[in-house]
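For clarity, chains are labelled A, B, C and D in written order, and residue numbers in each chain start from 1.
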């Protein structure tokens, strides 16, 4: 779907295990809807206690879902003994997040051994114009490394 | 503290009322530590259910706190009959968010009637090097306006 | 090509006249390769005096071309009596800008009367993987307005 | 001035030699006004052929100056056998760039062996409110390395 090849044949179980360890994803009801080399789709409904004044889903949930989609898209292409950390992202909140449920799609734009750049897009489950878009830089770190 | 003057003398009660309506802030235990014309400080402890794999606070909480601090800093300078909406932000996650509690400071860099630019910084309560920094664009909309 | 409709039927001559007034575009040899409602393509060769140490085109030229492509894409959809000003952009320099000539494509992602969000992509003239990507916020100002 | 220590005692001559190799800086008349561990100040006057329609300096010059200031600020702290490459930046153009000459200041916010984050600010030579601000990510690469 993205033209990339995973260097770790077990990338899917590695990604799913890491995702399952993120308590924030469970707390917000965000789940993996699909994944492959260079891409991850997450889906979620508006979580209780995370609306803003107009009753729409809070931007923080949108950002957390897109950040995870971008980071895990990078992680599908990573070496087996590495972790990923978001270094930075930019998000544009384009339209009110009207609706009950959403899909956050993360796609790798430029893979790398040290840095990967991903882009994310939030839409309704049926598609339509993007509600929010993200571009992020993800750093690959050797597991138990002291950092970059 | 920032050299700005609020055009709405009741800005403080307006900001506090809007903040109290954000269920996400209550759900994450984020509170207002202080505010004035052009600035807002928020504080929070690591909320249950929002850690990442290493036990640190999830980046989504950091981003939500900084986004709110930047947005409400803009809102302190807004006209009385307006709301604020975040149009976009960039966040850099500079260091691991080690610690039990944090302060998210938002400061207006360039106020405007239509657009305000704010910057945010997350540190330990005692200060020290920034854990994360944000630059965001906030749009001022007339209340009940159909959008920009 | 983008599904947008121009509100000003004379958008093309308005865009071309504004572009012709930008001395920086002439100084860098950047020209309009094509345009339509919601999109502008610019093309250029490496300008003399704008290489970096390895002989590649300087990132400043890449940024200026993408910024113009994004801004003029927004301007194709603008009202007749308005100008556009870039409020902010993020650029990711993904790959070395190897080559003699380039195309900078700007596309509107979210049009608006006050703010438009555009995305840009720099590639070789024949296409291929993106060399740089941009997301920018463009402000529409009434001509002779004192600013936002 | 920034609290950082250069690991390469010859950082100043290394930075000045690299800067002198950037033909774009000479073409735009941008010069080094000062530098130290973790910071670089550049200065320039409006270059001929780089104004926009209102006669102000073109945003592309502002971006190129801030990008260089941020990148060379990172380079002051780099190891002797390395180069720096800008991975991404965000710029906010806050106010019209009224004036004949400007200072672009780059400051390291978070140094690293692989990635450094810098912030930049453009003002009049006498200071005053920022005309533009930048946050950028700079990658350190070993000289003659094939990239990240």
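Throughout what follows, contacts are C-beta pairs under 8 Å (C-beta built on N, C-alpha and C of every residue); 3 or more make two chains touch, one makes a residue touch a chain.
Every value quoted in this text rests on a predicted model; they were computed, and no experiment measured them.
K.L.:
Per the definition at the top, count C-beta pairs in contact and tell me whether A-B or B-C has more.
P.N.:
Of A-B and B-C, more C-beta pairs in contact link A-B.
K.L.:
Quick one: point me to the chain whose Cα centre is farthest from that of chain D.
P.N.:
Greatest centre separation from chain D goes to chain A.
K.L.:
Calculate how many whole Å lie between the centre of chain A and the centre of chain B, each centre taken as the average of the chain's C-alpha atoms.
P.N.:
Computed from C-alpha means, the inter-chain centre distance equals 23 Å.
K.L.:
So the centre of each chain is just the mean of its C-alpha atoms; given that, what is the distance between chain B and chain D in Å?
P.N.:
The computed centroid separation for chain B versus chain D comes out at 28 Å.
K.L.:
Using CA atom averages as chain centres, what separation in Å is found between chain B and chain C?
P.N.:
Measuring from centre to centre gives 32 Å for this pair.
K.L.:
In chain C, what residues contact two or more other chains?
P.N.:
In chain C, the residues touching two or more other chains are 87-88, 90, 92, 117, 135, 137, 147.
K.L.:
So in the complex, which bits of chain D are touching chain C?
P.N.:
Residues 18, 21-24, 26-28, 49-53, 58-61, 63-64, 67, 83, 85-93, 96, 147 of chain D touch chain C in their complex.
K.L.:
Give the list of chain A residues in touch with chain C in this complex.
P.N.:
So the residues of chain A in touch with chain C come to 90, 92, 94-95, 109-110, 117, 119, 129-130, 133, 135, 137.
K.L.:
Note which residues of chain B are touching chain C in the complex, please.
P.N.:
Residue list for chain B touching chain C: 87-88, 90, 112-115, 117, 137, 139, 147-148.
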